[in-house]
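Shared between the two complexes below is chain A, which pairs with chain B and chain C, respectively.
After this line comes the complex of A and B, so read on.
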């Protein structure tokens, strides 16, 4: 288990981590060569989201504790080392023997699965959960993920996830990142979308110390669809870095990406969206948009929407903006007797809700809306 | 499809029209690079000690540096020891008038359509012609001198206006800026120098024409433009090279300084030899161009039409230091066959209320790779900074690639930065529409491409716009994706 010594986490000299010095922060706060010991049973129930009719999986410090009995969940310890893994994935593999496989077979009724990562302990609280999920043909599921830090010290969640969608599968993936201000997260997620499958991803980041999301979608079947939505509404010193990849390997597919950000105080956001359209992937439609509102001079946004295209019969576009709330809209509301704070939060809300418009599950939508509203009210 | 293929084939057989070379007696430095070569170049030009010292310092810096690898271009490592760093056509020490210039040389430029004789008076462009490593002639010197404008070769500027050169040389692109800028600083041979005095609006377009003629040589020219308070100048640059099997290196540096209320417009039509249709030969074009808007309300505008070079690595940039200063970048980059282009711009907003605008149009055909790489950086102090960037790519054929790498870094809450990019091909319906109205397919494509690039071409001075349009049509005639 000492392979981690060879793992060198990317520093700011690495292009993709140029603006996110997470390796430095982690080295300062944690000993990455060990993981937190499992502690006495902990009362996590009250911290779960108030949702009914859903299946729960709960990981405590990276080990699956609740949900083992679900028929399509299997815990295996066959660590297969893949080539070309990023340093954090390598770290995950070196520290975690368990892979939790979830395979939703064809014919399973639509459902919702909530995955919670509870981090607990006194010091050096690190968890490396690993999930491999496959959504069978024609299934329709929604997966929600949330980290819950209940430790007395900073926490670091390094989660690794590979997801494959079979033909005609429909899958939504929701990540809620609203953990404590001393929590660190690296989320490596790789999706493979087969033909005619439809995939939606929603990432909501509202708090934490530093969050890095590596989200990549490979379109390996024709006529597949992938929609990536993200919202980061940050204050304090929170640093959120979203690196997304939409890789079109097959023709006639669609990818659509919308990430929006609101930055207050000394918060910092990094967005890097890559679209690859391979030579085979003719008739691809790929769109990407990143919009940011900066509320404070101390806040910073680094955005890099990147297009790489090798096929000629495609429609691709990307756009990004950084700006402020519209003065005229502000004035309109103020002139109708709405207080400045209220007007601001109204406009921010209007800006933000677009991201979650297509999230159709009522219960989860209201959870997301509630977190978002609380967040925007405090920012404004 | 069949006709598409035919047209693409036609396109790949297009020849480079400036591919000839002339036999002119020239003297060159021995191959290779060392401190001795740097000293040789400096001595040959009779340079003062401070400049030699500056060159040597740059050379030593260069030795410590490594070539940049981040660009989306691929080429075999360049052997810097097999390049001739100095080659000059043999002629009288410094020609006082055009009569003294070697007639063969004049003919060369005439063949290129750059007449150095005064017959160009009608069109009113002052030309500084750079042949291999030296400037051979500068026209309209007297007319310009009457207004106090200095327009001469770099070597002359070093001799006659050392105080200006010394003050501004390396102030925008320091020698250690990057690998190729360091190399250029060590071995630059000549180039153009231009100074527009306080309040003067330069009455004619100033132009530099670069020609690589000798084999195995690299061209390393340096251009320095200083626009004093309230002045205006429009500057053009053109370049060609003969067809040769080996790759030739061109590593230039252009520095522009615009003081308070000054405006500089810099236009380039780059038509270096791009290599043959199998990707053999061609110029490696590694150029550092940067303008400093030093004073308030100053403006620098870059316009480039990039059609040539096997490899283009070029990012004309603006440092917007003065309050209310403006930076602009308009670019059309066309790649065909095996050409690779990694080009774009950098807009650094430092001053308050600074504005920048980027319009980049990429067209890739054949097996070429065309990348836009740009950065917009709004610093903390840059209150109310404003940027709009637009980069569009047009793909012709399924063997080429278009890539966009925009970096946007904003550290100020009052900044407004917008970036948009699209990638598409020429629609069949658009071509059909034109054909219905009696145009053949080739002219339909030329029309559509010209329309696509219009926003940039419109920025070019008239004389250049015609040439650029011709070039575009020539490079891409009839290529339907």
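After this line comes the complex of A and C, so read on.
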């Protein structure tokens, strides 16, 4: 599919992309006006996570291929009519007519849905999947997303998700970003959390070329709860940018955000956390924290909280830190016979585990722990 | 000779702290090191255990025939040196149990021994817990985090018991212990003594030496051992303080 005109992607003159020159990188490596053709069948099963008792959706180059028959999954053509979409969303719509709608109705038993984005092909491997998910009242689901590049050239995943939680819904959203070193991702995700719903997000980034996560949570009902957790543990030249928004539109709600980072080699991370508390949103509790351990002089972190508060009766806090591994702790461990590498990984592990403490699903938790463990053992 | 320290000098930045230490320790012996605040006792312990903040500017140290100063901190521990810290570090997110399992198995691997399986490890832990009367619940918590001063010291001796070092250096292990805890910890240390291992006790007070009776007492002052003697030297210090020693040192 071709676009009539090229969409202008935000370059480094755009404030929110100042530290993440993804437009430049994409222009260098891809022709964004076309999309990879669907290819011959591909053996992706061995690359899926070892989980049982879960539902799978598999997209190949942005098109849903596995999971179409699930009763609450619908594929529809969708022309974008909304205004004010960001450039990557526009690009997604311009290249992809399919929207995959997932609606989990009230009364559905708790479950887990794994969504895989397989990217494959010889050149210009780009995928623009688009998902709209709604979690019905009182449902309890966990959604996991993971990209799998099986191409022999760089890949670009530009995925769009809009998610709504009905009152009393409990939803956990896990993104595992551990793809190849030449994979690029932009993930635009918007969550709308209704009254008394409870939302948890976990974003684990361990590898890739450049990843931009725009994750925004709109609290549209009172007494809702949103917990945003993130961990990036990066080496090489991996660049991960998390732009998050917690937007309180209704009163008596809680948002709690904890993003932690470990940066080795020449890796780069950007964290930008916005908190909005609208005038109606009295008695809001909004907390945010971003903590980083920098393992190399060549690694960089740009971290910035942004608070805009129009209500007067609110509790808000934010903080960010960047430092090295604690020397005293390192010596203490080594003085007991623990090697420098192992001591590092113990301390990094201790630093990181907090992020996933509330992830209670056993199977998913061990998958996450294993990826993390592997990452921390090699980063140290 | 287990440990031979020969004219050891060390500094931080351009500040000389150890200015020519000589000390020999044989297997089976207990040495007490005393001396005024700031004289270099903890620095000596740090240099012996391989802390990199201190720059060794002269002298050498031999431990069981090996050039100690050329070994990394972890290899010194694996060779059998243990330091009970004056100020144990709090490490959130790492439990003592997990920490000890890792340490013990890395030490065993270095010595070409099999890793302990879970059952053997647990049995050893139970035995050593009893020795210092430390509670299991403390050990499954984050290492030293929120521990009382006394609990931290007890945990140090528990770790010593677990690792069974050849040379244990106890840096003011008595400070922060109540009277009962002092007796328990000191009794534990005594039980760990064998003819094959040695202990260096750094302390300010005779009361610890009532339990852990030293064969030799040394006074460290301004980075040098200025006086050595038998156990009665400690009693003398308790009675007279350090002024006479300082005067003697000044006269040299």
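Note that in this section the second predicted complex is superposed on the first by the 374 of 380 C-alpha atoms of A that agree within 3 Å, B and C clash if a C-alpha of one lies under 4 Å from a C-alpha of the other, contacts with A are read in each partner's own complex, and residues count from 1 in each chain.
Note that a residue touches a chain if its C-beta (ideal position, glycine included) is under 8 Å from a C-beta of that chain, and two chains touch if they have at least 3 such contacts.
What you are looking at is a predicted structure, and each value in this text was computed from that prediction instead of being measured.
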Which superposed partner A:332 touches (first chain B, second chain C, both, neither): second
Touching partner for A:266 - first (chain B), second (chain C), both, neither: neither
Touched partner set for A:353, first chain B, second chain C, both or neither: second
Chain B versus chain C as contact partner of A:15, first or second or both or neither: first
Touching partner for A:56 - first (chain B), second (chain C), both, neither: neither
Partner touching more residues of chain A, whether chain B or chain C: B
First, second, both or neither for A:108, with chain B first and chain C second: neither
Chain B versus chain C as contact partner of A:340, first or second or both or neither: second
Parts of chain B lying in touch with chain A, wherever the complex brings them together: 70, 378, 380, 393, 395-425, 481
Chain C residues touching chain A - in the complex, by the definition given at the top: 49-53, 72-74, 76-78, 82-83, 85, 88-89, 91-94, 98-100, 102-104, 106-107, 110, 142, 159, 163
Parts of chain A lying in touch with chain B, wherever the complex brings them together: 15, 279, 282, 292, 294-297, 299-324
Residues of chain A defined as touching chain C within the complex: 326-329, 331-340, 342-343, 346-347, 349-351, 353-354
